[in-house]
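Every chain is named by a letter (A, B and C) in the order it is written, and numbering of its residues begins at 1.
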Amino acid sequence: MHTETKDYDNDLRIARPIVEGKRTLKQIDDAIIAPLDRLPNIKFWIAISFTLTLLMIGATALAFSFYYGTGLWGNNNPVGWALPIVNFVFWVGIGHAGTLISAILFLLRQRWRNGIARFAEAMTIFAVITALIFPIIHTGRPWVAAVYLLPYPNQHSLWVNFTSPLLWDVFAVSTYFTVSFVFWYVGLIPDFAVLRDRATGKIKKLLYSVFSLGWRFSNRHWKHYEMMYLILAGMATPLVLSVHTIVSFDFAVSILPGWHTTIFPPYFVAGAIFSGFAMVQNSLVIIRKIFDMEDLIPISTLELMNKIILLTGMMVGYAYTMEFFIAWYSGNQPETFAFVNRAFGPYAWAYWIMFSCNVFIPQLFWFKKVRRNLFLMFIIAVFVNVGMWFERFVITVTSLSRDFLPSSWAYYTPTITDFAILIGSFGLFFTLVLIFVRVLPAIAIAEIKAVTEQGQPSHTHLHIGNGKSNEAH
Amino acid sequence: MGASITVEYVKKALPSGLIKWSSIGLIVGLALVIFSATMDMQRLAFSSLLGYMFVMSIAMGALFFIALDHITGSIWSTPFRRIAEILTNAIWLAPIMAAPILYNIFLEMGGHGMFDMYHWTHDAVVAADPFLSQKAPYLNESSFIFRTVLIWVLMIIFKFILVGNSYKQDKTFNHKTNKVNAAFSAIFMAVFAVSITLTAIDFMMSLEPHWFSTIFGIYYFAGTFACIVAMITLIAVNFNEKGLMIEGINKDHYYSLGGWMFAFTTFWMYIAFSQFMLIWYANIPEETFWYMPRMEGTWAYLSIALIFIKFLVPFGLSIQRPSKTNPKRLKLVAMWIIGAHIYDIWWVSYPTYSHLKETHSPFFGWQELGFVLFAISAVFFVFAIAAKNKNIVPIGDAKMERAINFHL
Amino acid sequence: MIKENLYAISALFDTPDSIMKAADNISTEYKRFDVNTPYPVHGMDDAMKLTPSRIGYFTISIGLFCMSFMLYFMYWSNSVDYPQVIGGKPFFAFPAYVPIMFEITILTGAVLSVAMMISVLFKFPNNAHPLHDSGYMKAVSSDKYGIYVEAKDSNFDYSKLEKQFKELGASSVSPIYYDEEEVDWKPNTWDPKFVIGTIGIAILTSFSVYMHMNKVLFMVPFDWMMNQERADYGETSEFFADGYSMRVAPVGTIARGFIPYQYDSPDSASKYMTNPTVASEHNLELGQRKFLTYCSPCHGNMAEGASRLKGNMPPGPDLRTEFYQNFTDGRFYHTITKGKGIMAGYESQITREERWAIINYIRTLQKAFGTPVVKTEEEIAENSETKTEASE
């Protein structure tokens, strides 16, 4: 037992351990699996009834939309793309943080990600599911979606338009969903095996046996497994960059001022990570409290996430500045007007919400006290998400509402149905998250065991900031 | 907080070849440059652009690497940080490299320069062109010179702070220095973002003053970071093989260097492709005219060559795991990436020269090679001089103990 | 007492260090052994003297292979099967194909590698391995590190291994047995469960496909392509007063590309029209084709006035005579367009360019076969004004 308190902040010769406190491997098993074995508490039921209500609101709005048609939405001429695509981009962006945490931080050997990777990947999958709803419904006739989107052989030689970014989206987001799901599932296989070996009920045991595929924890298998995991992480990284890049292409390949600008790909990716991390941080703050996992997800992990939120927020700020500067530099009048219109036109209110939430408020994360304060960090992350939703809104709607031909200008107002569907998407997402936490281990058991103090042979010690390092013996 | 030396470092002499070959290269290069100056100043100025952008990549990139090491608390990069710190001395070369261009712009302020280079310096042209006169508050001679010098000054200031603190730390072993450096590194990042963007826009993008691309700064940054990691790798692997570094640098350190070269080669391709594809797709003549000369005649082959040289070859050479830890392969890839970066700068800038010469054919001859030789040798020469009485490894850094025997 | 159906001898260790030492030790003597740990222990691959995994090569090969297929498919569908100009892009719009190529590489590389790893390398799913449901497995999935040597190994000696494990610091050593029913089990292609299962799936699939293709697609709402909300031919219309779905075009409707013919008499046509086409090889070839199609039934293949209509219609005149040599091109044009006497107008069947081509062709026939008098333009013009047409 450590009796001396180590000053991890000021003594850089020693590194903060990833899993604080001392738990045996069996205690880790119990802590992570316990919520699955017992009946959920009242807090859970309240939470899920709330999210299910939101989901029902959305489902009702959708049913009305299919029956009466998309006239119920606010889409008009010229703002033909509005809330459905804004919501789509928003949710896809949220999914990116999950892959960044599980894949990119893995590649960067940031072991502190082990406690949160499983949860983050699950959030990715649920966010992508929520996002996929929007392209499917946004035509108003989802039952023909497959016909229009997938290249199936037919007598008329009708093929999909491979040169359209909307189709690239289909390929990109379905690839993203499939690969994330595979990545998540591969990570779950050992955990299903743990559950199988602890299972008491016959049905549970059968289910876990089937899902674990018979995993035996053999090192000959771990060898291939680890290589596959590394390769999946190595592929998921460019994949996540490419998905939001392709989403940005939806806008950037056009000729509209405010849309057609070459910085969109990295700008959208940075923005996606920005909003995604904020959402993951929000969820973790809640989950670790409800399920007593404070030492498996310590405050230092949340602090590191807040630093990444600050970093990506600055990147988004850089992109705003570049867009604005080049809009002036180009001398292209419609382009200059587009930006002046954003800040001072009829949607100025949306622009300034976006700007303050994305640029000003995250600056509070420069202060260590704020980074380590649970309440403040939660609020700031909520503002970040609000700001990022408004960013997609501002980009989409202002450029459409006022483009080249002043006689076509019109103001767009989302209707109550639009908002209900948006609320429903939050309901769907959080319902799935709550179900996940109840049904599957929210922390990757094998991964977190691997980074405990006693987890690896003694010539290696695992700490935050590196994989292994030498302790002077 | 101060502690005894637990890091075992033995200072050795620099390899004799370094100063010998860099001086030879410097003299030969300088001779070629002077010869080129007597023949054709305009061509000299364009070739000096290659040298200047390369030197700025090294100087600014090195500071960026240092700041990144401080701000992220990264361990694997600490043993290599001193190499980057010594490389920051390349900033002293920047005024020399930029001299032909700046002098010409200075002359333009008075009315006539010696030769044509930047279209926006010709006052008559600007007055007649509504686009150029609209940009004139930014794109004029005095503010150009001001920005260039300001960026140099800022880089020098941060060099003194970050690098100076690190040298001091070698003696004091004060762990607080790391925190101070981290704080200044954070400020530096913002300064760096603006500086590198403006350098790219001013010197390269304004060669075609009617053209614009919001991603251009990031394009130059991608090439810069790959180049600086390659430079550090080249020097570090060489020095480590000769025992100048420290015990404990192992293949996992090498893997990180190789991994970043790989990653930023790919990142460059991503940025370059995005820029091209978006402009190609929208097909707006206002933007496509920049790519058109690079897609016609001989330039078409050179553009395809760019994809091979800057992406496919280094990607293929460094994708396998073993290749990222093999010293020979690392040195090869590093040299390749440095050459590819210079090729990229040439590909971006020289079509303007061909246009000024009213031809479509590319220009690459002894003038360009001479200046590139001059620039690269100068960087190594300055490195050798500056490294003479310094430790090659930041022995005083608090993270050094953990950096040794770092394992993935 | 060691039973007959022994699979292996196993040992459990408490710390990563001890299992590493054990693996190192065992791997020198035995080949058929394995280590089981709740999570991958660093350095275990080397301790067991395993070669590195080569999955990466498979991933990149299969990814690139599928990517090339996708590229070919995009090329084929957009450049060969149904080329369309979309957005002004070339048929083979390579930069636009790159995003999809990239996504397919990642998708197929990832999914197929994982499938290969699970099915080929791991030989999963397999829930019937002797290790399953043993105390060893339960310990190893939680907090112990285990190693076992299979009985099939050539150097296997139970008591020797038991002692060796105890010396290495094992906390417990125990035998692992095959399940009773597994001992004599051999995989059998004609296993009844498998055969019945396959037949069952086949029946289910065929039935389902039949129902879908032949019944479901004909039911509301899946018959939406067949029964579209549009007015089909022959359907009674509830919208139009006369009940017809088929409508006549409104008065004044003209076909696309239609230009009205403005001459009302052969004289004005003859006076104001000139042949705008050149009698090039292509033009004459066109003229010949159209002449043979439209004119030859009545006028004969060589315009000789021989009819193939077997008396159903009077034969057309010989167009090579001097009379017709004096016709201007414009007069011919008017006749073809509006008809003359019993000859109908061919306005709606022969395009303007084709009519001129026919006229050029008739001229060549006149030059080749006509009566010897070949007139110049002025002579023809002069003659056409004075001569009256011969009646039919």
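Methods note: a contact is a pair of C-beta atoms (placed from the backbone, for glycine too) under 8 Å apart; a residue touches a chain by one contact, two chains touch by 3 or more.
Everything numeric in this text was worked out from a predicted model, so none of it was measured.
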Problem set entry | Interface ranked first by C-beta contact pairs | A-C
For this session: Work out the mean Cα position per chain and let me know which chain is farthest from chain C.
Result: B
Problem set entry | Euclidean distance of C-alpha centroids - chain A vs chain B, Å | 34
For this session: Indicate the whole-number Å distance between the mean C-alpha point of chain B and the mean C-alpha point of chain C.
Result: 48
Seminar exercise, completed: Where chain A touches two or more other chains simultaneously, the residues are 238, 245, 249, 460, 468
Problem set entry | Residues of chain B whose C-beta touches two or more other chains | 277, 281
For this session: Going through chain C residue by residue, note those that touch at least 2 other chains and give them in order.
Result: 56, 89, 96
Seminar exercise, completed: The chain C residues in contact with chain B across the complex are 56, 60, 88-89, 95-96, 98
Exercise. Inside the complex, what are the residues of chain B that reach chain C?
Worked result: 273, 276-277, 280-281, 283, 319-321
Exercise. Once bound in the complex, which stretches of chain C touch chain A?
Worked result: 15-17, 20, 23, 34-45, 48, 50, 52-53, 55-56, 59, 73-74, 77-78, 81-82, 86-87, 89, 93, 96-97, 99-100, 102-104, 106-107, 109-111, 113-114, 117-118, 121-122, 124-129, 131-132, 137-138, 140-143, 221, 224
Problem set entry | Residues of chain B that touch chain A when the two form their complex | 1, 3, 6, 73-76, 130-131, 134-135, 138-139, 175, 178-179, 186, 189-190, 193, 197, 212-218, 248, 252, 259, 266, 270-271, 274-275, 277-279, 281-282, 284, 286, 398-399, 401-408
Exercise. In their complex, what parts of chain A are in touch with chain C?
Worked result: 24-26, 29, 143, 151, 157-159, 161-165, 167-168, 171-172, 174-175, 178-179, 182-183, 186, 190, 193-194, 196-198, 209-210, 213-228, 231-232, 235-236, 238-239, 242, 245-246, 249, 445-447, 449-450, 454-458, 460, 468
